[in-house]
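The next part holds the structures, each set out as structure tokens.
Presented sequentially are two complexes of chain A, the first with chain B as partner and the second with chain C.
Showing the complex of A and B:
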């Protein structure tokens, strides 16, 4: 009689991660199909519709690309912190505060010409995101307070802040009493590359590329890698852990804030608490699936964007719950993590142990 | 002839790029202590891990009491009566001795008083001193080892493997261990004793099997009938190791001066209790002591990685007591830490990035690093210190232990240091690696550098050092002239005050 045993590979298989990701995708589609059939929805139709409405036709590419932008930037934000072993769980809050800061600039200078105003708003978003990460950064660097808790909790604060602005100081006077923030100046809208795909796609790719280059080539990036290796190695090399922790969380927040600015000027017309749409959290999954490598983030973000956009369409056209999309996203992660085991372990069939006693 | 307790027949075990065992054989008679001898890297530990179910051999057969077995986990091996005490102990520090002993093999509901009594009875049967209710973190390394042995006996191991058990023991503790082993074999159990120290083998063991380069070169030699020199020749092969050069240079001025240094470790326990020492230019000061008596705290404190509460450290007259690590390095300090991969290197990063860890600030081009200069610097180190590397872009951890240490020491020496502090610089290296590192340190001494060297290997200290001081419980308890002292004298000092409060 044989039994199967997992044995650790001394060296992980090369190229295991892309395979694991594809496996995760296939696994998710299969399990998702079973779930849909069980609950009485036509899985094939649903998948067909999801494909058509995300990547299957040129009309819908724009929506998917635009969706991938904040996912990729949030993923980048998470991966920056992870280079040093830090978890920025609160990219969501930094996105929101970034958008809030951009809105403030829009309110202060409503008459500036479009390009100038957009630039100012995006800079404000970057600063806003960094500011939202400043507290957690200082607390972590100086007192050792877990950044996981602080960044996550500040997300709630950002949501409440926006709710307050909606109902109080920034309430739209022409909003028929609805608690809405006044719409941003109409000229502060990102131009389109083609169809409705906005320039944010290029900006996101540029930011990711610049970041990857900077981390690889700069003294700062080198120190970051050493500090990420171990606290003691950093001390040995004379690298100040405190300054690195603060710097990396500020940068992570800045990138997330930038995503907020892009959302406000790209796809939204006004600030609200839904503008971040869970991108900060999805970004954690994107970063994890990309193994924290900036180069892999755009691809993973695009795949996730497609699942999200496709998932929304099935509700309107087929009456299937949009939770299908959420379930699929989770299944992709499970499948990919499960499959990644096989790049680190191999399966061996063994004879049953001969009993000795 | 009786059926052997253990038979390993033609064991092969390959790892990527390394063949650890190539057709190794071992036969152990029941009721004997059997030594497995060999240099570092001879394949002793791998072979034993195959027997203990940690690894699965690629080829070959394992027979226990004449019956063939295949283990897929240590649990299988334990079930078959094979227990192993690894070099790194696997204990839960916050649990008591008794809790650790029964962990995973407790009889139903754990009744603490009953377990304590049973563990105490077991210990007594084999002549251990054991306090079942003490938490493990309070124990010395020697005491922890006894807990590991008790764990195996609790699971009724009839074959006990001890991997270099005396490495963490004082000579006196080693004697006690020998007595425990005799009691075990008297009950018909078998003990496999891995070692590379001949004197222990002749003292404790009945038979010896010698491994070299992954295969058996002498099987089941009767220890009583064989000459120690013959065993040594079998172990190292025909190339005999030339003794490391010692030159009678006159020591110069004091370069490193430590005065009344005190430090408290992370658990709040006193790690350094008023250490004072001087190292002069052109001398090697050796620090001997059983592991965990403050050696690491001392070297870390000198390097600026351990906070001190009192005392001073000076390099060439400059007070560096509160200077950050980088300022100490600039003052002329080179440091080879005990934990190479966790402190001195970044194992997952490329070799180049590890090579420039001390010098990268000189490679700045604005905010960027000049990678071409970094590469040249790394290539220079690799050539000068004869580091065997494939690609310098490969992760540091892909290097073998000896090459890793050559690069680390080379990087430290390339800054023309005035003081070299080296902690366990040759531990775990193969013969060639040990010799290369020792020669580099001696060459530094001959150039007039002050060298402070911590080692648990007394023979190494006796061969290399000019003076030897002994540390016990964060204090220096004795100083010896390496030329005139004996192992026994130093061993006596190493257990010094520890014996007094036992």
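Showing the complex of A and C:
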């Protein structure tokens, strides 16, 4: 009698993660199809439509690329926190507050010329995002309060803050009574690279590249990698954990806030709570699938952008719940988790007698 | 901001009653998460399991006309969903944070997908309150404590059962050992994987039941994003309650009152933006966690030592 057991590989299989990701994608499409068929939705039509409306035709590439921008930046924000073993679950809130800070600048200086105003708004967004992460960062660094809970709770606060601004202080006086924030100054709009693909795509890639360089080449990045991998080594080398924890969460918040600024100046006209439509949460899955590696984040973000953009199209045209897109995103990760087992472990057949003894 | 305070007996009692009702919602979910975390498994999928329990529970309650069937269906849906986390995080040793978050995603998505056709179906509470004979007549106390839905009494009973099982039975000892030092539990003859699977599913069942209580009793309808972060408050309550069922109940009541305050403040003649007030439970969670950490400085953490660490026998 033989018995199958998993034993850990000495070295994980190289290139295992792309395969795991593709397996996750296939797994998600299959389970999603079963789910839709059971509830009477035409799965093949849905997938076809999702493909056509995201990557399948050049007309919609812009939308997909633009969507990948906040996903990639949120993913980067999560992976920055992860260098110190921290989970920034509240990137969503930092995106929202970044957009809020950018809106404030737009309201204060509505007459500034476009490039100047955009720059000021993006800087404000970065500062806003970092500010929204400051509380959780201090609480974690000084007291060890779980950053998972605090960052997430502040997301709920940010959503309600924007709703408050919409209904009261920042309500559009010419909005026919609708609870909308006044539109941002029209000149504060990011230029387009081609079609409707905005410059944010380049900005996001630049930020990701800069962080990849920083973590691998700079002294601070080197210290960060030491501190993240071993507390003892860091203490021996005289690296302050508290400052690293705070610094990393502030940087993570800043990157998320930047995403909020890009959304406001790139794809949105005005601030509202939907300006980050769950991007902060999707970013966590993006970062996990990219194994926290900056270089892999844009690729995963593009795939998730396609799933999201495609998912939005199926409700109006096919009457299928857009929740399908949310389900698919989660299933991709679970499928990849399952597949990744095989790059870390191998299946070995053992004699039953041996294992019993 | 404050115009004229009109504290009447009825309005104060109303607030306290609503506080107990919201407290029930939070307690069910937090109690389940306590069980899972005691076994060493952090499950951040509470919000998703609650949402799925809310939609499945509501649909079953509407279709069968029985709120009990709704609660049971919600619990079953939550347990089934938690199985995904158990397989990924316990069985395959995936990162518990990542898997739990993905479970929240999956749960929120499934809830919307399943509940899509039921958004316009509004009913008054499907449960009827039970007045405990003899006790409900006590002034004030009777109304606040002894006139509730059967789910509230069930939650109290569940808390006692969970406390008893965790602290006074062999299974409970094994479960706690699995959450502290898994290898020791294994050496003592407990199956760590089996205990953790069971604990995660108990957690899922409680979260699902909590969601079903939300739709069948508290709200009486299903809509998107109905759980609104309350599952996350439940996760924080476990820390607040130091992983002890009794203290978690106190926390649930405290946060229950905060949640109830929003809809009741106008009754007291207090004019305050309801949206800003809506922030308080979330801000309070942060403040409370900070205060707990300050007080617990230099003391050993009450958190289960093995939380977040996958167990594999070969690496013992």
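Here is the rule we go by: the second predicted complex is superposed on the first by the 344 of 357 C-alpha atoms of A that agree within 3 Å, B and C clash if a C-alpha of one lies under 4 Å from a C-alpha of the other, contacts with A are read in each partner's own complex, and residues count from 1 in each chain.
The rule is simple: a contact is a pair of C-beta atoms (placed from the backbone, for glycine too) under 8 Å apart; a residue touches a chain by one contact, two chains touch by 3 or more.
Here the structure is a predicted model, which is why all the values come from computation and not from measurement.
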item: Comparing the two partners chain B and chain C, which touches a greater set of residues in chain A; value: C
item: Which superposed partner A:334 touches (first chain B, second chain C, both, neither); value: second
item: Contacts of A:156 with chain B and chain C, given as first, second, both or neither; value: second
item: Which superposed partner A:95 touches (first chain B, second chain C, both, neither); value: neither
item: Which of chain B and chain C A:125 touches, first, second, both or neither; value: neither
item: Which of chain B and chain C A:222 touches, first, second, both or neither; value: first
item: Touching partner for A:230 - first (chain B), second (chain C), both, neither; value: first
item: Contact residues common to both interfaces of chain A (with chain B and with chain C); value: 7
item: In the complex, chain B residues that touch chain A; value: 15-16, 56, 64-65, 67-72, 76, 79-81, 303-305, 324-326, 329, 335, 337, 339, 342-349, 353, 357-358, 360-361, 364, 367-369, 371
item: List of chain A residues in touch with chain C within their complex; value: 7-8, 35, 39, 87, 89, 135-136, 139, 143-146, 148-150, 152-157, 160-161, 163-164, 167-168, 281, 284-285, 288, 321-327, 329-331, 333-334, 337-338, 340-341
item: Interface residues, chain A side, partner chain B - complex; value: 3, 5, 7, 10-11, 217-220, 222, 225-226, 229-230, 232-233, 235-238, 348, 350-351, 353-354, 356-357
item: Chain A partner contacts - residues on chain C that touch it in the complex; value: 44, 84, 88, 92-95, 97-99, 101-106, 108-114, 116, 228-229, 232, 235-236, 239, 273, 275-276, 278-279, 282-283, 285-286, 289-290, 293-294, 297, 312, 314-315
